[in-house]
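Note that subunit A is present in both complexes that follow, paired respectively with subunit B and with subunit C.
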Partner chain A sequence: MTGFLAWLTLIAPLGAAVVLTILPGLRRSSLGPLVAVGSVLLCAATSLIFWMGGKSTDVESTWTWMDFATGAGRGIELGVLVDPLSKMMLLVVGWVGSAIFLFALGYMKGDPSIGRFFAKFALFVFSMLGIVLSTNFLMIFVFWELVGASSYLLIGYYVDKPSAVEAGKKAFLTNRVADFGFLLGILMIWNLTGSFHFGEIEAAVRAGKLSGADAGQLALASFLIFVGAMGKSAQIPFHVWLPDAMEGPTPVSALMHAATMVAAGVYMVIRVFFCFEPLGGADWGWAPGFVAWTGGFTAILAATIALVQRDIKKVLAYSTLSQLGYMVMALGAGAYSIAMFHLTTHAFFKGLLFLCAGSVIHGCHHEQDMFAMGGLRKKMPVTFWTFTAGMLALTGICPFAGFWSKDLILDALHAKHLAGLQLAATATAGLTALYMSRAWFLTFFGEYRGHAHPHESPKVMTLPLVFLAAMSVVIGVAGYFDWLFPVQGYLGKWTMQVLHVNASIAIVSTGVVLLGYGIAWAIYTRPTLDRAEAVRARFPAVYDLLWNKYYFDDFYLWLVRSVQQGIARVCRAFEENVIVKGLVGVPVGFTTWVADRSRRLQAGRLNFYAYVFVGGVTVLLLFLLAVGAR
Partner chain B sequence: MTVGHLVTLAGVLFTLGMLGVLSRRNILIILLSVELMLNAAALAFVAFASYRGNLDGQVMVFFAIAVAAAEVAVGLALVIALFRIRVTVDADQVNLLKQ
Partner chain C sequence: MLSLIVLLAPAVGCFLLFFMKERDDADRERIRGAATLSVTASLLASFWMWLAYDTGGERYQNVVDVSWAPSLGIGFRLGTDGISIAMVVLTSVVIWAGCYVSRSIKDRVKEHYILLLALVTGVFGVFLSLDLFFFYFFYEMAVIPMYLLIGVWGSRAAQYSKEYATMKLTLYLTTGAVFALVGLLAVYFQGSEALQAAGRLQPGERTFDIRLLGEAVYSAGFQKAWFPVVFLGFACIVPMWPLHSWSPIGHAAAPSSVSMLHAGVLMKLGAYGILRLGFDVLPLGAQHWMGWVAVLCCMNILYGGLVAMAQRDMKFIIGFSSSSHMGYVLLGLSTVGVMGVSGAVFLMFAHGIMTALAFGLIGWFYDQTHTRVVDDLGGMIRQMPFVGTCFVIMAMASAGLPGFANFASELLVIVGAWKSSFPLAGTGLSVPGWIPTIAAIWGIVISATYLLRAVRDAWFGPSNPRWEGLEDARAFRHRLPFVGLILVLTLTGCFPRTIVDTIKDGVKRLRPIPSAPEEAQR
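Right after this comes the complex of A and B.
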């Protein structure tokens, strides 16, 4: 029964996408979007059933797609795995996804191709559910690529907007580069353990069958797998696609950058955490350290870039990068359940913040520049209060959700004696407060600086906001109860558990956060924004560095234009001269020459044929006479 | 009249036929020349049969005549079909393969 429900959860969004694609009548009707919404609501319902069921709903159901040999474990299997980890992720995808789908009903209303939008949206959810439920590396890789493909479709949804199409391509290509590392990692793991199945790999690693050299290879394989996670979870240096992906419709940004796509990388690492702790956690290797420092750099660099963004969605995009950095830091510190906990809380409050931004953009008639907003507190009260809840959760003010999960991450870094990372994480907390309250003050306080007539959004959009805001307030407590957050008990057997609030760390981080609020209050609450200009004029070099995003994009552009184009030119010269002119051209020339010569034999004149015939017979006769005479 | 005279006559007839095939342009004349060559060969068969005193060669001639009759039937049919398409019996005009 549970297996059937799990398969149904996975297939339903695909069914919605297929139905919407092949039935143009349904796609154009007002019923079309509801089909997609229904499929996600089903996922929300089943996730609740699984979660309430506790151990009784744990199930693994597999179906052998291709059987290569009679020996076991040599075929390709598709399967669904429901365990505490995937249950938690299903809850996130199902409930945050449902809120976002409902919001999209209002946000996309009036769009001429709303049916196409919901078909792609459902396909995206299907891909994500495939990652969540998969039982083996091959299946997760297939859905990994499906997420990449469907994110390309969604980011480039506004097909008549060149920047959106470019952003879609950028996201797809960046992910492909990282996925190559992922694929190599999967093949290495297969080579070491002879299996793609998570359970079998875990058993092989835990049984200690891998000798010393194999452990080194396992570290390399886990590093390569992490490279795949870096692509999807947008870690430096693969982070460049995420801010550009804001070109998609706001519900897409919310779903992709809160609950699903960027969470996929972190989720996948948690799913295969046993690869990152070779030999039962005794030997750390170099991979976890690399993971932790990647997260640390991403967290603090993205937070500083967010300080200077003008586009409200870009602020949230860099904030997402920064929070993903936190999760990856937790992964590197071996605190997998804490990373999952932060992923869960982050999904709710970041989904909320993105939807609030969508509501603001909708209310201001598609204005995204915060400097053209202001004073929206009175005009959009629901959006204001829900945004405030989301902001407090994100910046980690007690008792909102972010406080609990962020504090646990700081604790974990402290417990592992990663002082540098702890410092970076604390500084990032302050920066988070600074850029979020900056956005808050600029958008909702002061006088309105734009030219539209802002209005509150309809009920279908504000209700999901209220739901997510309520979750952002209460969900932080869940991490401290095993029955609410089963991942802790599931992973905690092997990984580090930090279940208490360390008072000194909490006080320091809260102090830094309040400092961030204070600075933003001093700069951005002035009606004319003259202080903001003054700060910018004071530090032009810093501002330029941040505004140009540490020149990552320029560096990649240079890399593509100079290095890659140079290699391409050499390849092209080789192809044109050696392959086309040499390997192909010479045989072609010879054949043409032979054909041109022999063409004259086929003159089409009867007499000529007769002469050749008689000549041939004569030669034959003379030959026979000569042979006969001997 | 020895066998040598007869074979010489056959050779002369064969050569005449061959020259006709090579030099004439009219398809009907070419066909007639081919018949001449066939009959030259038949004459040589008969001459050698008479010289050796058995009937093998003469039997072979009957075969040759039967084949020639069939060949003429087909050949003339082809000429008629060709004439219907091209309205000519000039072999030089029939060069469709070249084009």
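Right after this comes the complex of A and C.
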């Protein structure tokens, strides 16, 4: 029964996507989007059933996709795996997804191809669920690619807009480069353990059958797998696609580029944590350290870039990068259950913040520049209050959700004696407060600076906001104090050590956060924004560096335009000059030359034929004489 | 019996077309109808063969064996194993779609369809023949119509005229065939001798029967000496780098339906020949030499992809991408293991369908825009949403997206190649499997790059006033070929066992290679 439900949960969104694609009548009717919403609501319902069922709903069911032996008696399989980890992720995808789908009903209303949008959106949910439920590495890779593709389709949803099309392509290709590492890592793990199946790999690694040399390879393989996660979770240096991905419709940004898809990388590392776990030893512990520092750099660099953004969605995008950095730091510190906890709370409050931004954009008639907003507090009260709840959760003000999960990460770093990272994480907390309250002040306070007539959004959009805001308030407490779901205990084998919020760390981080709020308040609450200008004029070099995103994009652009395209042109020149003109042209030229010469033998001149005839007969006679004389 | 229907349906159709008149549009419609009918008969029969394939039963099914020239050992022998069924299904699907796409030909319709049906009869013949003589005969039969089809109905390809393209293609294909012919005769004489010695044939009797020649015992020296000859002959057709330069030009110059057959099916004849003659008859030679192929195929994959990246003509992009994808086929073959070779055959199938779709779609807009240069195109998706969507689907399939057969087959090739090792004959060195596999995986990144660029440049972006009034495929008969191809691609991609189990059964029964590194997988 559970197996059937799990398969149904996985297949339903695909069914919705297919039905919407092949039935144009349904796609154009107002019923079409509801089919997609229904398939996600189904996921929300089954996730609740699984979660309440506890151990009794744990199940693994597999189906041989291709019958080629890849390990002990296993073919290439697809399957569904319901265990504590996937249940928790299902809750996130199902509930945050449902809220965002409902919001999208309102947000996309009036779009001429709303049916097409929901078909792609449902396809994304299917791909995401495939990652969540997968039982083996090949299956996770299959859905990994599908998530990339649905992301491409949704970012480039506005096909007339060159920047949107470009952003979709960028997302797809950046992920493809990361997937290159991922697939290599998967194959290496297969080489080492002889299996793609998570359970079997875990057993093989745990059994300690790997020799010392294998252990070095395991570290390399784990690193390569983490490269895949860096692509999806947009860690430096693969982060460049995520801010551009904001070209997609806002519900897409909320669900994919904030709540779920970008968390897939973190989820995947948690899923295969047994590859990283034994690497804690002294001699080959470089992979977890690499993971932790990648997260640390991403967290702080992204937070600084967020300080100068003008587009409200871009602020949230860089904030997402930064928060993903937190999760990855936790992974590097071996605190897998904490990373999952932060993933969960983040999904709710970041989904909320994006939807609030969507509501603001919708209310201001597709204006995204915060400097053309202001004073929306009174015009959009629901959006204002829910945004505030989301902001408090994100910046980690007690007792909002982010406080618990973020402070546990700080504790985990502290417990592992990663002082440098702890410092970076604390500083990031302050920066987070600074850029978030900057956005908050600019958008909701002061006087309205734009030219539209802002209005509050309809109920179908505000209700999901209220739901997500409520969750942002309670989910952290509930998780920490084991009320609703005991995160650390529930996740069983993923809990390396049970952590508790440390009062001194919490006080320091809260102090830093409040400092961030204070600075923003001092700069951005002036009606004329003259102080903001003054700060910018004071540090032009810093501002330029941040505005140009540390020049990562420019560097990649140079790499693509000059290096890669240069190699391609060299190959093309080789093709035209060496292969076509040389390899083919030389034999052709030779044949033509020979033909041309031999043609002259038969020019039709009788006297020439007579000479040749006489000459030939002479040679023949001499030959016969020579033979006869012997 | 079924194999006879598959082969004869287009032949009969071709013959009947000679007696039809082409005076007005009604006549042309009748000609198109007759041609489509004949290939639909092939399609149904080949699907029946596919569904009725008995895994684990007789190796060669649907056998027809008629003695023809007993003094030389030639017989009209047809039959299918798992590998050829996949190829026959591929051919019948592509020609079925091609017949619909050919509706855009308005000039000399009758001659066009006669040649098209002759061509496809030849292709079916190659895949169905169990006799080396007819194998060769049908191969030549496929090449000649191709020459005329490109020369008469083709179009200019960048700086090359269609006459240049078709001449080059024909010369390459026949040169390759000559090599193959020499190898084929060597096998004929040597194999018959071995069979005589074993008492399977009377003294002085010879045979072209592939089944018998496949069971004869050849010395290791003979196999190692003759495999390169056979391989080179067929490698021209695959096409293997650096023998590929006929193929992109040929693709580009040909009319749509011919490009579809050419890239979809004709290129597969080479790899099929390598399997039939190289692997089944000369397995030791294959094992000895294929390591080098694993190295050369990396050039196909990477170099083909990079050149595609620098192309601006849509057909050249797809043309070089074909040569890149055929590199994966060669990589799969060079593993000489069940998973890799099955993956290669499956990829031949998948690539055939995908590339037929590509050329069909390019033909659709080229007929209206009269340019294929991507810089001139752009924003067309607003005018033709259906064709544009199909094109995006094609690009996704070609870039190896799960859900399409291309992904499943490339996965098999990559996984199969990873654990292989490729001995380089003559050097004593051996290339570990992960080296070409890394090239293959990087090739997927490259293919995604040029395909997404092509999609962006041709279809997306602000709508271009120059392309106002372009016609989308709206009528059922216009959409049918594209929908059919996508359906085959997704069904076999989502449920690969429908076809891979058949292929695997055929691959498993190829002559086993003693001491092959992946013996366990066989």
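By our rule, the second predicted complex is superposed on the first by the 554 of 630 C-alpha atoms of A that agree within 3 Å, B and C clash if a C-alpha of one lies under 4 Å from a C-alpha of the other, contacts with A are read in each partner's own complex, and residues count from 1 in each chain.
What we mean here is this: a contact is a pair of C-beta atoms (placed from the backbone, for glycine too) under 8 Å apart; a residue touches a chain by one contact, two chains touch by 3 or more.
Being a predicted model, the structure only gives us computed values, none of them experimental.
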item	value
First (subunit B), second (subunit C), both or neither touched by A:Pro162	second
Partner chain in contact with A:Asp553 - subunit B first, subunit C second, else both or neither	neither
Subunit A residues touched by each partner, larger count belonging to subunit B or subunit C	C
Contacts of A:Asp111 with subunit B and subunit C, given as first, second, both or neither	neither
Touching partner for A:Glu202 - first (subunit B), second (subunit C), both, neither	neither
Which of subunit B and subunit C A:Glu367 touches, first, second, both or neither	neither
Which of subunit B and subunit C A:Asn191 touches, first, second, both or neither	second
Touched partner set for A:Asn607, first subunit B, second subunit C, both or neither	first
Where subunit A meets both subunit C and subunit B, residue numbers	none
Of all residues in subunit A, those that touch subunit C in their complex	64-70, 76, 138, 142-143, 145-146, 149, 152, 156, 159-162, 165-166, 169, 172-173, 176-177, 179-180, 183-184, 187, 190-191, 564-565, 567-569, 571-572, 575, 579-580, 583-584
Interfacial residue positions of subunit B with respect to subunit A in the complex	18, 21-23, 25, 30, 91-92, 94-99
Residues on subunit C engaged by subunit A in the complex (per definition of touch)	168, 242, 244-245, 303, 306-307, 309-311, 338-339, 342, 379, 381-382, 396, 400-403, 407-408, 411-412, 414-416, 418-419, 434, 437-438, 441-442, 444-445, 448-449, 452-453, 456, 459-463, 496-497, 500-501, 504, 520-521
Complex contacts: residues of subunit A adjacent to subunit B	602-607, 610-611, 614
